[in-house]
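Below, chain A partners chain B and then partners chain C, in two separate complexes.
Then we have the complex of A and B:
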């Protein structure tokens, strides 16, 4: 703006002048208008380099005696050969299994995994028959992960899309910093679940620990059981028919529907009392956002 | 980061030494600096097992004079034992700087322990009827090999693999810690204690001694202080969550009990497995699976959770 000279300003129309001096209050565009999913954008369904796999082509990988890198490389090699269903046997608590898979795949982990299992994924359908350690499904973009037993803390940290399901109970800080997608928990969740959540939905059929939804920006948390306490700026909201319909559909899809239905769920949203962005002048807003 | 592990067999004895080694070896990536064990054997009534170190492992490379110094220190310790009327029934030296005594003694062991530690360079690692506390630099298989732990029979044990963050890589800062001078109590810890100096000064005012600058030693002293004042183990663990600040998960073992406590933020990991005859816990499931390869059900304890199991 400082580069605009008086002579140039005189040349401009009133509208152009206002814009050049940075005094407009136009609506912000760009990332704030981010669309989570557009069914018409078919060309974005797959990465151009994704291997073409056939779900009917099935194989098994024995993790015993292998390192995490060896197992993960073998998954990639098998996908390149066209295998669409891969079963990992004997994981026995190994860390970082199945991370960074960016295309469609049926991955079945027959047993329990350690930390960071199936994180950073974009597309695969994963079923884990055992338990998972900390940070399962961290930063996942799309796809589904279904854990049959319990999960550790930071389940679905910074998740951006897809469905992350745990039939058992999960640890603390579930869905911390989540930015989209859905987390479904059949059992209980620990303290500070939904901490700094920004978008997306989390459903807990059991009880929630203390400071639920602490400092959440946006998004929705549904809890079927008791909430020990809500965190700063997390408030209860009315459970609408739209919510009930969505809950019924999602929970039925994964076989987690409670016997007594969904009417007893409590809905927690951001109170928006910590939203201070709009106190900025339009010019400051441009600099920051 | 650090890794902790513990297991307890209900009403039966087992190869606890070998099991702990397998668990701690699986946790090596969480802390390669040093490894420690506190394992509980049968012991015989009236006899005490005393483990002590008379020098640090790094001292051994400091010149040939150290050998003479070590001999002098051992002689001094044995003179004190004699002075307190303790007779040495057996003596072993797994390394030049560490010793294991079986003592028969019916006097005040706390007074004797205090007297022994007046000797420069000598630290009692543990004393008790069942407790054997072993810690040294290296991973679990190194330490177990050096101290012959792979065949150790017992009912329960706790262990630790250390990644040194707030104090030195040496035996004095390694875990587990014995709750000096109280028999058979040991502690392992994963985390950071933020009111360490406040609590340490409070404990020092009450007459307790600290051998290292490692924050975990505070938990041992704190637990010892509570138990000595008649507080039950479970109450001591519960009280520590209010009184001690920071992020921590720690395990405490006594002659016939194993307890755990997790801080109010649940910031440090622990995975639990419970069955009718065995309870195993570790920072990561991979350690439990090192001794239980079959499919098992495990879970994470929540914040402020306290549990105590009886052998």
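Then we have the complex of A and C:
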């Protein structure tokens, strides 16, 4: 496997590459999936394949007259040249801008974007000076996204990590199915926010609409204003000193700290009444065994 | 039966799942032979007073003011051994015996974060080979 060079791999089809690297020919029988950390691993901070970029190397891209794919490809090409700060001019509500960036980068979108902007990212710091449409930051893995104005519905859908910030208000179903990360909202959030939330933290400085945290399995929601109603199995919990310290740190970091501090925040968690382990299961087990 | 609830037993001690890998406490857990719920507190927010120098450097390199996605990384326990869940391989990676575990979850979480970063960024991570095989050139 080591004898195959990257140049040779590039000449192959995917099927040939897979075989050449032994992905389908390796004998799995009796092989343990057990993996252990190497305590002497080299200190490295970026993925081995990540382009080496310099935050101080800055350039601009004019989106006018370009398709989304052209803009996104240009971002990748500029990162390969070492640009660490890229400004997108004239986005004019384009959809799916800045998706799939998997390494560090300062991306500034000067204007508003359409739906699914900066989704699937793993590392970059993004600032959007305007508004965003549906599902901004969906499936985000790591990094930061700061939206200066309002955001549409399903803000941070299925987010897994990183900080997703909206200084204004957001629509309904914010953080639907979120599995990690932090969503910060400076204003209000709509109905069914935190719907089916599984992990992570959501902070709303304003009010929350109906059915907050409906069917949440785990995770935490902090609300500074009024909650119209909590959803199924979303219950209030005690705000601890660790929560307060974390909230203060996070809100200060993004300039969202309310004048009256964080003591007034309501903490919502899962009541764990939906942790269903079906009654039939043990009986079925007995039947099978 | 839909609507039937069974809460898991509470985590009482940081070494609970090291000393008792099964962790069966409630009648329901004993009945199904499985601990209900996570084996660590997924909602525990990090104590930034316990950051390691490596993690501080990582934050600086990435241009972040905090731990970012690592806030969701905790030290868990698999089959009575300390381990960390790596989302990039959808599996647990074990902590070697040579690493001494601190007596509190916050410090353990910091070690977990540091080890996970070193592993994910290394050439021995399975994603390196998978990427070579399946990425679009």
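Just so we're on the same page, the second predicted complex is superposed on the first by the 231 of 289 C-alpha atoms of A that agree within 3 Å, B and C clash if a C-alpha of one lies under 4 Å from a C-alpha of the other, contacts with A are read in each partner's own complex, and residues count from 1 in each chain.
Operating definition for what follows: a contact is a pair of C-beta atoms (placed from the backbone, for glycine too) under 8 Å apart; a residue touches a chain by one contact, two chains touch by 3 or more.
No experiment lies behind these values; they were computed from the predicted model shown.
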Based on the superposed arrangement, let me know which partner A:250 touches: chain B (first), chain C (second), both, or neither? second
On the A-aligned overlay, A:190 touches which partner chain: chain B = first, chain C = second, or both, or neither? first
Could you look at A:148 and tell me whether it touches chain B, chain C, both or neither (first, second, both, neither)? neither
Partner chain in contact with A:130 - chain B first, chain C second, else both or neither: first
Have a look and say if chain B or chain C is in touch with more residues of chain A. C
Chain B contacts chain A in the complex at 264-266, 269, 271, 284-289, 293, 295-300, 302-303
Considering only the defined contacts, which chain C positions touch chain A in the complex? 1-8, 28, 31-32, 36-38, 42-48, 54, 57-58, 61-66, 68-69, 71-72, 84, 87, 89, 91-96, 98-99, 115-124, 126, 128-134, 137
Mind pulling up the chain A residues that touch chain B in the complex? 92-95, 111-112, 114-115, 130-131, 133-134, 149-150, 152-153, 168-173, 190-192, 209-210
Footprint of chain C on chain A - complex, ascending: 6, 9-10, 14, 17-18, 21, 23, 33-39, 41-49, 55, 104, 106, 123, 125, 141-144, 160-163, 180-182, 199-201, 218-220, 242-243, 245-246, 249-250, 253, 269, 272-282, 285
